[in-house]
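Going in written order, the chains are labelled A, B, C and D, and every chain counts its residues from 1.
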Amino acid sequence: MSEGDPGDKYFDSSISDRERAIFEGGITLGALYHQFIGTPIGDKETLESAIEESALSQPYIIESDVKIVEIEKEGRSQYSYTELSGKSLQISLISKYGEAKVEMELREIPELDYPLMLVKKIF
Amino acid sequence: MSEGDPGDKYFDSSISDRERAIFEGGITLGALYHQFIGTPIGDKETLESAIEESALSQPYIIESDVKIVEIEKEGRSQYSYTELSGKSLQISLISKYGEAKVEMELREIPELDYPLMLVKKIF
Amino acid sequence: MSEGDPGDKYFDSSISDRERAIFEGGITLGALYHQFIGTPIGDKETLESAIEESALSQPYIIESDVKIVEIEKEGRSQYSYTELSGKSLQISLISKYGEAKVEMELREIPELDYPLMLVKKIF
Amino acid sequence: MSEGDPGDKYFDSSISDRERAIFEGGITLGALYHQFIGTPIGDKETLESAIEESALSQPYIIESDVKIVEIEKEGRSQYSYTELSGKSLQISLISKYGEAKVEMELREIPELDYPLMLVKKIF
């Protein structure tokens, strides 16, 4: 099955719906991380909403949930604002292409000590 | 006069309050532009608020107003979302250091055909 | 087959090598696009190299080729430098996970009038 | 004195050459920081060159020197690449407008525990 998108014909024709949903979700995780890392955090909830809505504007992303966690102010002065770091950004996305739905996440894994982008569940 | 910030002693001691306010505002204009350009736009108002609050978290910025204007969807499909471009981003900031207040802007200048960062008024 | 990476156990166990290679490549395309769009272009070749090497530092990316095309200076003054735009960035990547190799691209598609990220060939 | 740039007339007419040089340098420091923070580091020297050249493409920036220092790989696997952090980026710039030259820096200040953008010397 296909979504009938005009861009589809540029893809390898052997690509499955699962694979396409995974591709679109991977793009979105990479995009959000590198777009927003470093952002000076004013209001946490507003920035979470802006990232969630940015995710939903991307093709085939049907659900998104963003949390900014464990932020600590750096420094001790006027300059002590906080920038969004990879460790403090948690993203959960669902992408859907044709019959396939895929749940993906970005989150800091303490055991690994870095923020991992992962395919959590393929429906 | 000085704000007594612990970072002050690293600055050239001849710098005036006006100059410092201009410096901090220039940093913020450059930061916001390069942080947010390319962001996929979900909800315009939420993104405007996130950028405004990001500005206010920066040192010595006391007012900010952000407008996203003239956005056009590119393309004709699932992919036809909009990314924040330099031409569509308008920022107005006021920075204050000691007795000096400075109003700065980023906006597309039709005559010049590019987004100009400018010092509008020094109080 | 698996690559034996410590992050693997966080993935849905039904994910295939093909799917994992596609996921990692999708992340990298999204990351590069949103990291580098808006960069003021000094020397084109140096920036192309920096983006290529950035791609190769990402997990499971084994080949990358980056071209910056069709750049036009905006404006008519000191300010008339060029920023990297989505339309002028071309990326070709190969990711490899286990036995699967996948070729992916980012390029402006004139028919669609936007930069498309696509899975060109699955080996 | 003025540089005769077509954008000049949009500025507060009381702005001095010193102030204008400080403004342009501040913009560039903020721009470089927020453009490049988060970049996956492939080859350190190539990325340093790309940032330097990006600085020189900005209006009124006549010298730039960039160093990436103290990078540590995070994690212990395929994913253990390094992203450019604020603490590891050092930038030195000279801006010139009319008769004024200004030296500016971005560097981590251990005493403050954050990366400070500062006006080092006004000539």
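Simple rule for what comes next: contacts are C-beta pairs under 8 Å (C-beta built on N, C-alpha and C of every residue); 3 or more make two chains touch, one makes a residue touch a chain.
Just so it is clear, the model here is predicted, and its values are computed rather than measured.
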Practice problem: Tell me, please, which of A-C, C-D or A-D gives a repeat of the A-B interface, judged by over half of the contact pairs matching in residue number. | Solution: C-D
Quiz prompt | Chain pair, B-D or B-C, that carries the greater number of C-beta contacts | solution = B-D
Quiz item: Approximately how many whole Å separate the CA-defined centres of subunit C and subunit D?
Solution: 26
Quiz item: Whole-Å distance, subunit B centre to subunit C centre, using C-alpha means?
Solution: 29
Self-check item: subunit B-subunit D separation of Cα centroids, rounded to whole Å
Solution: 16
Practice problem: Spell out, as numbers or ranges, the residues of subunit A touching 2 or more other chains. | Solution: 6-7, 31, 33-35, 38, 76-77, 79, 112, 116
Quiz item: So in the complex, which bits of subunit C are touching subunit D?
Solution: 3, 5-7, 31, 35-36, 38-43, 46-47, 49-50, 52-60, 76-79, 81-82
Quiz item: Of all residues in subunit D, which touch subunit A in the complex?
Solution: 33-34, 37-38, 74-77, 79-80, 83, 86, 112-114, 116
Quiz item: Taking the complex as given, what residues does subunit C use to touch subunit A?
Solution: 6-7, 10-12, 14-15, 18-20, 22-35, 109, 111-112, 116-122
